[in-house]
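Consider the two complexes below, in which chain A is the common component and chain B and chain C are the respective partners.
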Partner chain A sequence: MRREPPRTLADYAPIAFPALMLVIFFVVPFSTMIAVSFFQRDPAGFYSPAFTFANYERFLSAFFGGVLGFSIMLAVMVAIVCVLVAFPFTWLLTQASRRVQIVWLVAILSVLSLSEVIIGFAWSTLFSRTAGITNLLVMAGLMAEPQALMPGFGAVLTAMVYQALPYTVLVLYPAIVRLDPTLLEAARTLGASPMRAFLNVVVPALRNTIMATLIMVFVFALGSYLLPQILGRPQHWTLSVLITDQAIYQSNMPFAAAMAVFLVLMSLALVGLTLMVGSQREERT
Partner chain B sequence: MSGLALQDVSKRFGDFTAVDNVSLSIPHGTFVCMLGPSGCGKTTLLRMIAGLEEPSTGTILLDGTDITPIPTHKRDFGMVFQSLALFPHLNVGDNIAYPLRIRGVGKAEQKKRVAELLDMISLQGYAERPVAKLSGGQRQRVAIARALALSPKLFLLDEPLSALDAKLREAMQVELRQLQQKLGITTIVVTHDQREAMTMADLVVVMGEGRIRQAAPPVEIYRKPADAFVADFIGSTNLLSVGADGALLGRAMPSLAMATRSAGGKLSIRPEDVQLVAAGSGMFAGTVSFVRDLGGTIETFVDVGGTTVVAISTPRERTPFKAGDPVDVTLPLESCVVLKG
Partner chain C sequence: MRKLLNSAVSRRAVLGAGLATAGMLAMPSILRAQDRSIKVGVYGGYFKDSFDKHVFPAFTEATGIAVESVAEPTGEAWLVQLEQAARAGQAPADLSMMSQVAMLKGQSTELWTPIDTSKLENADNLLDQFVNKYPDGRVAGIGAVAWYITLVTNTDAYPEAPESWAALWDPANADKLGLLALVSNSFLLEVTAKTHMGGTNALDTEEGQIAAFEKLAEVKPNVRLWYRDEAQFEQALKSGEIPMGQYYHDVTGLAAADGNPVRSTFPKEGGILDSGCWALSRASEKGEEAHVFIDYMSQPDIQALMSRKVGTAPTVARDLLDLSDEEFAAVSSDIDPIIPRYDLYTSKSDWLNQKWTEMIAG
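Take a look at the complex of A and B:
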């Protein structure tokens, strides 16, 4: 294969199409949003061009700060729970026979075809008092009478983990499949029980994969705005819910844009911090 | 009964029998090489000894105790894998200290033992190196040191040198053998390289199709192969068919008829034992069909009535023949081995 640095303008031609797509579908809308975040709301209509920090000032309040904190906390929890559940699951899946693996992967992929709305309403039925899972516990004699498990934080977390879990498994799967199986066997011949070998050989050997998966699920969960509304109380609403509310129901585009910009900046900062901590640990070992 | 003993050990995967009724006893301090073509069951047998694979039937005894139900991590065996399986997230020192850490050995004690082991493998001062920055031979040694960290009762190696280049492999064979003799540890190496087995082993176990074909010291395996499979696998040999009446290369040999009556079939003679003499003065008349002059040794292919006999000689012994030369072949009877089957 020819490997030379591009010289003429024509050499750059192959990247023209992706670059164009990136500009049209990312740079333009995102710049528009940043611009709008400095505009003024026009009570009569939409918004009028201006240059004001008022939207950002309004955001810097205890209320919105609290919502931002809650959103990030929720996304972090979803990411951690997803990885905690998906990592051992994916590991066990890779140990199974080829047929079993295919059946599971197809089932997991089919969950991806469900929309957030369907997932939300399905869980709201499952968590309800009249038709929910507590009825099964009552039938099994583990509970005195059926209870409603929603609205509440647990319900929001469960549904969001359910939604993000297939992505987590699909991101972890290729890395875990490629892991040398003799690493685990070597640890066992060196005196580690299977559980111990898993914890101090398999998990650390895949540290980078786990880190990348955590970040992916975190970003994915940060954008969720339907599930907190369907399954949570107002105090469980994320910043994404408030952005939707401002943009669609209050028609306050500039404020919605300011909040969105803030959310993006915060998540970028968090991801950057995580990567920095990760690379520092890498250098040390 | 001291040492390791396998009793009627078999392993089946579905319809496939990987190891078929193997019995073998290995005294303490022996260096054993399991030798055979790929798929002969040698690695499966080693994995069963290590406890990574459960025998379908049979028992494995160590010093008279049945170890078959003991899980791998409680067996106290050191094992080196073909892939070496060094932990990528740990440096050299931490890799070697891993088994010590698992057993709860104190930090100071760990450090002392790691230093000792690094000294043993001549990698002093490498403790802080990442594993990825080592050469193939160095990784090999680290894997050996890690497996020996706890002074195991049994040292198992699965094709340990296959990833190294030829020169390094030969050097490591000698090193491994010297190390084993110094430590006096019972060692089992799985290999498909017969030179490796001949270099290192006290006892060579030749396996084929899941069964032990012959278990004997290397020279005996070479000089007195039990069957055609072993004779062919160890070194190169001339396998000659013997007729029912003792006919060899178209000539009746009454003395052979006696020897082969019970067994019948084949006779093996090593190329270096075949003598080529001037036409008319030997046992069988033939024609030279091809000469491979390798400098140090000369291989002469002689066609005797349609069968090719190979003879190996050194340039000092005589001037080389040329293809087409008439030549007589003499097979000293004391060097011929009658094979079963």
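Take a look at the complex of A and C:
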């Protein structure tokens, strides 16, 4: 089918609806937030319309820089771990029979029905000293006495990976299913071992998919605020936790909005950077 | 500042409840059946359930005024909603139970309609500290209930009850404490000042506040959990996972009565006494009913009823109540309480919050 460039106004009509939705559900709320981030905070009451940079100034400190850095680092780690685990898993899944695939996909989809609260409390029980998994290790004679595995960075990372993994699998699955099986057959015919064929043929062929998945999981993980709070120590609290504190407990909307705008800008910049690096590499090869 | 009591709900659920409330307000038709009615906001969850069950029906029976109870969300979120609604001339609730910090913040925008105490027969019963006044003396709110935050322990892990807040600093309690995560609801600066600096007056100056922060920072190695969600700590306390911390006296008492190995102790420096006021939104047109309601709630009988059924401390003088010593001890203590420095949380709230966050997360 030949694609013709749109000529008349009517040709643009199909995008009117998505555009309208984008305006209503993204442009308007986000603009409001940007506007509020410049408003004047009244510590004894609420806020009044104004144009001040004070909220951004307050954010520009070593403390908030550290929290922002940690939030981004955590989201990046979640993205990397998720893809490292989900990619081989999804690949093996696509090799299985259709029946097995359906069972697995339904199981994975069912994890999506769990809310962040349930996931957080479930993991906090699993990681506890009194009822946690270390009790099983003690029963098996592998450990002397049960230990608490939370609060800590490992606990936060585990729960966040658990939460993001189903999304990762579901994003990778269609691309991996569609991969031309003859590529792999050719590699095997030329003498590559299954592992080598996977690493040297399958992974590079799906490079763009992997990149897109990393970005999606990164953005998804960046907004997490409940899991770091339930499973982490205060130094593991993300910027989202502090935004919630300001918005709900301190009723400091302007500062909360400024932090949120900053977080969005930083994640957009990182995503942009990743895409840019990706496209440059593409040109070279 | 009091959050939902004893309920395993997330903040999202609380906000959801707030939204659901807003939805309900759009259709107040249920109330038309009765001529006089009033919408009363109380903290959602355990609190609201107890009021719905034990207190509001008796009020309707006595006065003929129907009560529509509204679940209000935690902390200052409700204040923000009330204020924004009042600007639009709406009152999501006529009367609301408000924490002290929220009362003071609402005063700054004249959100509260002054209460005329001459219309209240029972006004004289109230203890002074529970009458919230505008700087010029007008009454902004009348004490509804009071509650204590005390030192709680798991009885399996601590066979002997601790005697002093100083236990929080004891190196023997490393990684064993659960404390509230916010400066404005934990009141730990006041605890530090009373325990180590001779009293909460030490917080008058910025030097004093910084000294309190420094002293309080020494507690950090002992803290396992800084909680926002009460259910999270309560569960850990019951199981012994986190065997010591600060928590609400009333809920701990209920948990102990259910057979859980927990106890609440009034330390020798006193428990933290916090309270909620009935406050009338300036957008409300139910001033008459509100006065009747506040008057009814200030009766010694009703205060005693709430102490027995809801587990809150009375806001009227003890000698007017028919509570036995045992019943009184269950909800209060004769030890001089730690009164939070509410003034600081309005005048220096952002500074204190910033210092606090840097202290615990830094």
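Following the convention adopted for this analysis, the second predicted complex is superposed on the first by the 267 of 285 C-alpha atoms of A that agree within 3 Å, B and C clash if a C-alpha of one lies under 4 Å from a C-alpha of the other, contacts with A are read in each partner's own complex, and residues count from 1 in each chain.
Methods note: a contact is a pair of C-beta atoms (placed from the backbone, for glycine too) under 8 Å apart; a residue touches a chain by one contact, two chains touch by 3 or more.
Everything numeric in this text was worked out from a predicted model, so none of it was measured.
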item: Chain A as common anchor, with chain B and chain C clashing or fitting; value: fit
item: Chain B versus chain C as contact partner of A:191, first or second or both or neither; value: first
item: Partner chain in contact with A:177 - chain B first, chain C second, else both or neither; value: neither
item: Chain B versus chain C as contact partner of A:46, first or second or both or neither; value: second
item: Partner chain(s) touched by A:60 [first = chain B, second = chain C, both, neither]; value: neither
item: Partner chain(s) touched by A:107 [first = chain B, second = chain C, both, neither]; value: neither
item: Touch count on chain A, higher of chain B and chain C; value: C
item: Partner chain in contact with A:229 - chain B first, chain C second, else both or neither; value: second
item: Contacts of A:129 with chain B and chain C, given as first, second, both or neither; value: second
item: Least C-alpha distance (whole Å) that remains between chain C and chain B when both complexes are overlaid; value: 46
item: Contact residues of chain A, present in both the chain B and the chain C interface; value: none
item: Touching residues on chain A, where the partner in the complex is chain C; value: 41-46, 58, 63, 67, 115-117, 121, 124, 128-131, 148, 151, 226, 229-230, 233-235, 237, 242, 244-245, 248-253, 255
item: Chain B-touching residues of chain A, taken from the complex the two chains share; value: 180, 182-183, 185-194, 196-197, 201, 204-205, 207, 285
item: Chain C to chain A touching residues, read off their complex; value: 8, 10-13, 15, 74-77, 79-80, 83, 104-105, 108-109, 181-182, 184-185, 224-226, 228-229, 232, 236, 239-241, 346-350, 353-354, 357-358, 360-362
item: Footprint of chain A on chain B - complex, ascending; value: 50-52, 71-79, 81-83, 85, 87-91, 98-99, 102-103, 130, 146-147, 149-150, 156
